[in-house]
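Next up: the structures, one after another.
Shared chain: chain A. Partners: chain B in the first complex, chain C in the second.
So, the complex of A and B:
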């Protein structure tokens, strides 16, 4: 098994998962979309949020971007409060 | 030119070499629209007023509630029950009487957003709901206006400048480039439901005010292609680099088109109209049905020219009275101060299916004060 991917959580995703960060095992050459599929299986309530910004190494990432275990991944949901 | 009193007031800004007299004049000649005078709006308004932004508009339909005072630092306990936009402007005018303020005691909605946004250089998004955030985005993108976004959740906040002019001549990323689809309030709760650290909007709003001043004066590196996320519990921050989507403009126009669909209930619900708007529309010859829902004695004291009287109690009682209210043109409902008429408008909308209703804000009393000073008041 390779090293897990580190995922930082923000906003409502923190509340839904109950943690600030996750370590997620993914096959080699997984994409952002694959990560989301795995997360939705493990935490079905996350699937209720349609728009989530996935940032990889502090940069906006498209769904087909390939992930490496050294990447820092962040899940950023929309926030409504003001 | 700065007056001697302005030179004294803004002395500490004038000493900053990047800012100087030139920067202060840019700020003085700028206009900003602050949407939402709540947790984020309070620090934004306070600091932009102190900094001397020449014209400041405040949009908020709400009144001050006791539960706001934990974080909305512009208001006092004595202000509870008063409209936020008016109280805020009164306070801000005392801080800096050299500026011009516009209080808009109304919600930014599909009917007024374009005109309001178009009247200012920069919009500051301090709202507490997605409907208005997406409305701001879509109008700013189609009107080529930048907007400074802030949002908060428990201990954590987000800040960015969207649709900013870039040195390349292009426009920066938009809110829909980050979150293309408007989430439902069911998906993402707001702070009324989740709770929020009172200091948090102070910090995030102060960041927004900073970004407005950087955007106006061109100093430093504004958050034009970046989203700042900061967590007060750990003091960890992330700055995420963003990209503008090629279809950002189309996403905004599609968002606007969706909002004007007749099936969208928010656009069918009764809207507020103020005395000035009503007077303007009548002066332009628009065919508007004026419905007076007060009692006969009140009507005899004073009424709007051409208004039809159907007292509150009779509206629900008999359908023949309701049939006198047209569905094919705007209906403005009014009473003394706007409370009874709000109830009637709501009743006609929910029970009668009327989708053409306006409630005259402040009632005939506001009309007498603003439009017809010779009218009898009581």
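So, the complex of A and C:
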């Protein structure tokens, strides 16, 4: 089995999942879009949020960015600072 | 100077940080906790940040502001944790040689923070709580 990808959760995504981080098993060379597909399957309530972005190593990532198990991945629901 | 803090924001310290002899204008924006949203009474706000990324994103915004306007010094401070009505959630200060640029740069910084920086607020009502949806 591959090492899991660690995913940090914030705001409404943390409340919906009920945890502040997840360990997600993904095939090698999976992309951001693949992660979201798996998360939507495992946590269908996440699909109800209009736009969840993904950050990889503290930078916003495109859907086709390839993920490594050493990356710090975070779900970024719509922001509301200020 | 850019940072997140759980402590109350010190306006005088922020002023001291951006005051400089070349500045003819210093403009501040304070975002504060309002007691209502859409006619519903708000009791308090909980702010949460993805700290390292939030600081990086705020730095990008400050860098862009410095590229667009002749900014001499700036300060951006954002609170995290539980804030009560009237408390300051965010402070932005910009010093420039002339006033127009400090107004514009400050406005740009707060508007862009609300769009890109990973900070979230949850409104607590007497009958529940809700994560705030972004507003234009």
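The rule is short, and it goes like this: the second predicted complex is superposed on the first by the 78 of 82 C-alpha atoms of A that agree within 3 Å, B and C clash if a C-alpha of one lies under 4 Å from a C-alpha of the other, contacts with A are read in each partner's own complex, and residues count from 1 in each chain.
In this text, a residue touches a chain if its C-beta (ideal position, glycine included) is under 8 Å from a C-beta of that chain, and two chains touch if they have at least 3 such contacts.
On a predicted model such as this, the values are computed, not experimentally measured, just so you know.
Touch criterion met: A:10 reaches chain B and chain C at once. In the superposed model, A:70 lies in contact with neither chain B nor chain C.
Touch counts on chain A: comparing chain C and chain B, the chain ahead is B. In the overlay built on the shared chain, the residue A:81 is in contact with chain B and with chain C.
Applying the stated contact rule after C-alpha superposition, one finds that A:48 touches chain B and leaves chain C untouched. Of the two partner chains placed around the shared chain by superposition, neither chain B nor chain C is touched by A:29.
Looking at chain A, you'll find residues 8, 10-12, 15, 55, 58-60, 74, 76-82 touch chain B in one structure and chain C in the other.
On the side of chain A, the complex with chain C involves touching residues 8, 10-12, 15, 55, 58-60, 74, 76-82. Residues 36, 38-41, 125-130, 133, 150-154, 156-158, 178-181, 183, 185, 187-191, 194, 196, 201, 227, 229, 231, 238-243 of chain B are the ones touching chain A in the complex. By the touch rule above, chain C contacts chain A in their complex via residues 31, 47-50, 52-54, 56, 78, 89-90, 110, 113-122, 131-134. Chain A contributes residues 8, 10-12, 15, 48-51, 53, 55, 58-60, 74, 76-82 to its touches with chain B in the complex.
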